[in-house]
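Labels run A, B and C following the written order; every chain starts at residue 1.
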Amino acid sequence: MKRQIPIIITFLIGMIMIFSFFIPPLEGLEQTCSLFFDVIAVFAFFLGGGNLMRIHLNKLRRRKKDWGFSIVTLGGFFIMLAAGLLKIGNPGGIAASPTTEGSLLQEIFTYVFLPLQSTMYALLAFFVASASYRAFRAKNREATILLIAAFVILLGRTPFGMMLTAWIPESFSVLQVPNLAIWIMNSPNLAGQRAIMIGIGLGVISMSLRLILGIERTYLGDESV
Amino acid sequence: MRRSTIIVMAAIFGLFILTWILRSTSLASVQEHYLIGGFKVTFSAFLTLAILSFLYKDNPFYKFAEHLFVGISAAFWMSMGFWTTIVGNLIPRLSRSLSEFFQVPYQPGSYNFVYFIPVILGIMLLMRLSSKYGWFARWPLAFIVGTFAGLNFVRYLRSDFIEQVSATFVPLLVNWQGVEHFFSNFSLSASGQFVAIVGNWVIFLGVICGIIYFFFSKEHKGAFGTASRVGIWILMITFGASFGYTVMGRISLLVGRITFLFRDWLGLIS
Amino acid sequence: MSDVAFRIPLVVLSDIGRVISLMFIGAGLLWILVRSLRAKEVDRRIVFLFIFIAVAAPILFPITFQERATLIVRRLFDKVESLPAGSRVLLAFDFDPAMAPEVQPMADAISRHCLTKGHKVVFMTLWATGQALLTQSLERVVKGEFPEKLDGVDYINLGFKAGNENVLNIIVTDFRMMFPTDVNGVPLDSTSIFDDIRSCKDLDLIISMGGGKPGIKEWVLYVGDRVNVPLGAGVAAVVAPQLYPYYPKQLLGLLGGVKGAAEYESELVRQYPHLEERGTPGLRMMGPQTLAHMVIMAFIVIGNISYFISRRRERKR
């Protein structure tokens, strides 16, 4: 019962989604299922928030390592939640967008969330540079091909590449770095990405079938429960 | 707490106050609430520097910023999900009184009672937080998996398989007007016939050889092995191109942050 | 900090600043090369400092370049340009702050272009963070630069809905089922912009801007390939190479990273010179981008030189 009913649900919903594509009268049912999904997705957000609270409250209670930072997490969580759910400072009132300019939610987003997330990803620029110096070696033919392609793209995507090879005449213009970069993107890159895309596409199709037919059941978790 | 730690923290606090005052002073002529405006920008700058301090080594300021981000991020998505979907799509279909309270237009309908199903499934999903009743979450998870599997099956088959195979059937002789015309107009011009022909051959053979490389059920020997090797080379060019674009993308993010520090915080650039 | 007091000396010294920065970076790279040849370790924090200087110097002492749109960008620009005034264009802001430095400039440029042409613009997003960033764009570009445009008449903000591709699965046949109101609770039926729009089929152009999931791939799979509406994309550079298989049959045009943004801005300014004063952040970012690319290429070359030399030494032993 604990595993059989979910498998039946997956089968029924999956079949509705597939057959509605070919049988237009089923389209309404498919869209209702999509709308159901949207609502469940929001509950998944609540689940994420609830899990966060559970982990950090547990850390606080047991005074685990770095428990002080859990206060920061929970403090930020509750302040943002209050700002968002209660629409604190929202000039438009209850009907307005939660991100109306001037609302506390939008202010916290602009001055806390945005710099934090942007900077976390900006750190990657430094690590890419460090990896370029330490790790990217032309150890064999394949690695050399990769590095040459990377070089052409790096040069070609900057105005310096144009300046470097502007002297090449029109009859050999494919050898100008920017044109070479464009050709690499439109031909070998396209071919490689398409091969990968077809492979992934076939994988997704087969996995979808396995899930719908109940052959793949790992999403149900532990078999003993 | 060690003396050096206290000195460092005092220095950082002093720097914060100093830059807050200076920033607020520069905003005094353009903003009404310049003290708050100055504080917001200064706090953002310090959060930015706290994250960047990780490059030196892991430290409490980085941990503070990281933990703050986690908490705020989760709450942001919860708030947005509640107002846009629960209040925007669910409540108008379930309750007239709640619709009036939230000032959203009520959407009456004969079959609106079915919208209690996602509510029930959603509550079952929340039971994942309980170790005893966590198995209830399998039902909504099954619904989610079934939806994705059903939608993806058809869409990936059409867009990522059939359309892609179709797009690979490109003409191998582009703008062909005879051998004489080809040789008399031969050039390595980027917009020329020869480059277009080579490009199409690369696409056609490259896709086939790339797919052959991923076919691991047959040993890569002989002609099959040669095709597989060509496939690897095509894939290496692909990965090199991806690396080049990745570098560009990451540098752009850094440019954005440094621009913020120099322009909005320090006022060094306009 | 007085903006004026700092700006005047920078303007006067910018050429000297550029030269000194380039000399400093060049000398530093030479130092790293010499250290590497002597098989001495270079602390990674030195490498970090180099990248910081390579990016910071052109921001302080701007280096600007002219850009010319490549065909893949031109096609999207020409499509927006060729649509008659009053065409219905949907702009999806499917990104978060991590992609904003690259994608926001192109989102602003495209919004500006559409509003200048007099198109009816429908704004929406599949990301919660996208709604907050969309609010910023609306304040800055739409309300700031086009105060005569009316909400609900010339443009509309539908905001965010949870559900990823399921949102697209619904709006492809019925907008109102997913978006009964706009972001401020105004029913779509009471807005004139949505008089002729029932679903995505009634749009003249869709442009998705982003780079994650859900993003342009989902728009292609769930909307573009299902209805006969031209679809364009502006994406973060990391994702751009993966979308080339969709071009040109399934994707009309593609702006990849800040270069794509710079190309679109340059075309926009060429076509409408008065828009230059509204800012071209994409073009401004190409200076630091170029120098940083040079430094990273230098790192790769230096790293490989030291690798080959150390390998030869080991073989001799």
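Convention: a residue touches a chain if its C-beta (ideal position, glycine included) is under 8 Å from a C-beta of that chain, and two chains touch if they have at least 3 such contacts.
Quantities reported herein were computed from a predicted structural model and do not represent experimental measurements.
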{"item": "Chain at maximum distance from chain A, centres defined as averaged CA atoms", "value": "C"}
{"item": "Chain pair with the greatest number of C-beta contact pairs", "value": "A-B"}
{"item": "Per-chain Cα centre nearest the global Cα centre, belonging to chain", "value": "B"}
{"item": "Computed distance of Cα centres, chain C from chain B, in Å", "value": "13"}
{"item": "Interchain centroid distance [CA atoms averaged], chain A/chain B, Å", "value": "4"}
{"item": "Distance between the centres, which are taken as Cα means, of chain C and chain A, whole angstrom", "value": "17"}
{"item": "Residues of chain B touching at least two other chains", "value": "55, 76-77, 80-81, 84-85, 89, 103-104, 147, 151, 156, 159-160, 164, 167, 238, 241-242, 245-248, 250-251, 253-254, 256-257"}
{"item": "Two or more partner chains touched - positions in chain C", "value": "48, 51-52, 55, 98, 100-101, 129, 131, 159, 161-163, 166, 169, 178, 185, 241-242, 245, 257, 259, 289, 292-293, 296"}
{"item": "Residues of chain A engaged with two or more neighbouring chains", "value": "34-35, 37-38, 41-42, 45, 95, 98-99, 105, 109-110, 113-115, 117-118, 120-121, 125-126, 128, 132, 147, 150-151, 154, 157, 182, 185-186, 189-190, 193-194, 197"}
{"item": "Residue numbers on chain C that touch chain A, as the complex places them", "value": "32, 42, 44, 47-48, 50-52, 55, 65-67, 70-71, 96-98, 100-101, 129, 131-132, 134-136, 139, 157, 159, 161-164, 166-167, 169-170, 173-174, 177-178, 183-185, 241-242, 244-245, 247, 257, 259, 286, 289-290, 292-297, 299-300, 302-304, 307"}
{"item": "Residues of chain B touching chain C in the complex", "value": "22-23, 25-26, 55-56, 76-77, 80-81, 84-85, 88-89, 92, 103-105, 107, 147, 151, 155-156, 158-160, 163-164, 167, 238, 241-242, 245-259, 262, 266-270"}
{"item": "Contact set on chain A toward chain C in their complex", "value": "27, 30-31, 34-35, 37-38, 41-42, 45, 92, 95-101, 105-106, 109-110, 113-115, 117-118, 120-121, 125-126, 128-130, 132-138, 147, 150-151, 154-155, 157-160, 178, 182, 185-186, 189-190, 193-194, 197"}
{"item": "Touching residues (chain side chain B, partner chain A) in the complex", "value": "40-41, 43-45, 47-48, 51-52, 54-55, 63-86, 89-90, 102-104, 114-115, 117-119, 121-123, 125-126, 128-129, 134-135, 138-154, 156-157, 159-161, 164-165, 167-168, 187-192, 195, 198-200, 202-207, 209-211, 213-214, 231-248, 250-251, 253-254, 256-257, 260"}
{"item": "Chain C - residues contacting chain B, complex", "value": "1-3, 6-7, 10, 45, 48, 51-52, 55-56, 59-60, 62, 98, 100-102, 128-129, 131, 159-163, 165-166, 169, 178, 180-181, 185, 187, 220-222, 225, 236-238, 240-242, 245, 249-250, 256-259, 285, 288-289, 292-293, 296"}
